[in-house]
Amino acid sequence: MLRPFPRGLVGAAPAPRPYTLSLHPVPTLTAVNRDEYAHWETVPTRWKDNDLYGHVNNVVHYALMDTVINEWMIKTAGFDPVTSPAIALCVESHCVYKAEVSFPDPISVGVRVGKLGRSSVRWEIGMYRPDGALLAEGHFVHVFVDRNTRRPVEIPGAIRAEMERLAA
Amino acid sequence: MLRPFPRGLVGAAPAPRPYTLSLHPVPTLTAVNRDEYAHWETVPTRWKDNDLYGHVNNVVHYALMDTVINEWMIKTAGFDPVTSPAIALCVESHCVYKAEVSFPDPISVGVRVGKLGRSSVRWEIGMYRPDGALLAEGHFVHVFVDRNTRRPVEIPGAIRAEMERLAA
Amino acid sequence: MLRPFPRGLVGAAPAPRPYTLSLHPVPTLTAVNRDEYAHWETVPTRWKDNDLYGHVNNVVHYALMDTVINEWMIKTAGFDPVTSPAIALCVESHCVYKAEVSFPDPISVGVRVGKLGRSSVRWEIGMYRPDGALLAEGHFVHVFVDRNTRRPVEIPGAIRAEMERLAA
Amino acid sequence: MLRPFPRGLVGAAPAPRPYTLSLHPVPTLTAVNRDEYAHWETVPTRWKDNDLYGHVNNVVHYALMDTVINEWMIKTAGFDPVTSPAIALCVESHCVYKAEVSFPDPISVGVRVGKLGRSSVRWEIGMYRPDGALLAEGHFVHVFVDRNTRRPVEIPGAIRAEMERLAA
């Protein structure tokens, strides 16, 4: 279950690209096939994403999951978080960190739908650095609930139809 | 695996206390025994912790884990994140959300050590609202690495000794 | 207008207290009389408040202003940000930084009302470290607007009455 | 000094664009000439940038200033925040908010150097919405200090030379 940072591979780190700040180069891992993610966004980092250790803090990865998923729901699936009677609440999230990245490097975020239930959807996410290294993998479970009662409701049909196009 | 917000119990929500803002009262769950957490901190929320849905955003829970664990390591276990040759990096985190909470409610965070390895420690965390409701449960895995090489090292003895006092 | 960090006074820095982490001790300034602030909250910092330079990032000070002011409005002045027809929007903010502070040090925040208009209120804020050093001074202007039209409205009478008790 | 949201112009709000979520349309203001900013970045917003009121919280604007300025210093002026003996600390910041914007709208940030001193630089910033509306104007003062002593030092020559190209 525990996946520590890899031993003995530091010498294999890719050369930093001119436009990035590679504070702590970590070797590329290739556990996940990037082709399996159906939707991609490249998200820039912010100065304050870096913590005392000079790398993007572990909390930020969840903010990126939340952002890329909701942006897709709004722009592609037509979800309106202000007016929709059904809203999507996060009931579970998880992340395994494989490498470090630092501002001002952007992060490429790939998303697919791992499991699509009646009320819930499990998003699966991979994050990559500009040098192609796998940064982190995670999942994020949304349950659609009535905005007022907070009881689970069916995923609206138009949104579900779009989600099916992201299914693994 | 998926634990949605509970159905059919909304009427049982506790009465809001005078000093809290209960935007979305959710019934108390009692899946976890609070006595099992050895260390506690009560952390106030911030205005911007609330997102568009009027509740503390799912990302914030990880910031609180990171905060309470590191504060304990600094104040109780003598860890100095600025000068210590060994630093603790997060390699995995997870959270299951059981209820909602809103600023300005504070959150009580309980922590224990679930598994203590040679280089790594698995923290287990429970978060509670002022009305006693279980808000979220999660875990957070730290690996101690050399600050410069980022290769795993043994947990320093003095810190390990303190961690053993938090063991489940 | 520009107030750089002071020269030549580093030797006068106060001794760090046992329970704080004084990464970058800076001498105490006494430009502001603490007695002039009518309301006080002590707010803990969070791990991620520290940026790459090992100190609380300049952005965080504004989050604390927003938090302490809104918490006072909710708990003391009876403001409900979810249901109130009039909401308070920030139209201007400002901060001058006099010293550094680092997690896990808490920050003491003093607040007073500098100017109370028909629709607007100017909050004046001082922030202090545990060793008593002045950390930052700022102001924050709220305009009350109708939640739906966003046009300015009068500050509700009950809230105004409480604000007058914080007037400079 | 106080600049409230404008009255009586709501009918003139621009039509929302198909790809944006205009929760709270506010008329365009034209107090500032966009041509006066020498450097531009368009920064996407994040889900959690929106606060309870459904718009990007006032604190976020400062995070964007910090981000765009530091990114320019790193990528264009060759500043390395990890190794440089001289680092740039914020000693003052200010923002006036003219309109609202909401995730997932991106924000266009224009920057110029308003005053270039021996140790300090005053950045002037304008932020715009996708519909062209002026969102906020602010300034941000950096003082270069020695990383260890925190005493002011001269702005490094290579960085100063680049800054002069952004001068107002």
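Letters A, B, C and D name the chains as they come in the text, with residue numbers starting at 1 for each one.
Here is the rule we use: contacts are C-beta pairs under 8 Å (C-beta built on N, C-alpha and C of every residue); 3 or more make two chains touch, one makes a residue touch a chain.
Because the structure is a prediction, the values reported are computed rather than measured.
*Asks:* Hey, which pair has more contacts between C-betas, A-B or B-C?
*Replies:* Between the chain pairs A-B and B-C, A-B carries more contacts.
*Asks:* On a C-alpha centroid basis, what's the spacing between chain A and chain B, in Å?
*Replies:* Distance between chain centres: 21 Å.
*Asks:* Nearest whole angstrom, what separates the Cα centre of chain B from the Cα centre of chain D?
*Replies:* Once rounded, the distance between the two centres reads 34 Å.
*Asks:* Taking the mean of the C-alpha atoms as each chain's centre, how many Å separate chain B from chain C?
*Replies:* 26
*Asks:* What positions in chain B touch 2 or more of the other chains?
*Replies:* Touching at least two other chains: 47-48, 52, 54, 57, 59, 63, 66, 81-82.
*Asks:* Hey, how would you classify the chain contact layout here, line, ring, star, complete or other?
*Replies:* Contact pattern: complete, every chain touching every other.
*Asks:* Once bound in the complex, which stretches of chain B touch chain D?
*Replies:* 47-48, 50-52, 54, 57, 59
*Asks:* Which stretch or stretches of chain D touch chain C in the complex?
*Replies:* Residues 1-5, 7-8, 10, 24, 26, 52-53, 57-59, 62-63, 66, 81-82, 87, 89-97, 100, 117, 119-120, 122, 141, 143, 145, 149-152 of chain D touch chain C in their complex.
*Asks:* Show which residues of chain D lie in contact with chain A when the two form their complex.
*Replies:* Residue positions touching the partner: 19, 21, 23, 43-44, 46-48, 54, 63-64, 66-67, 70-71, 74-75, 80-82, 103-104.
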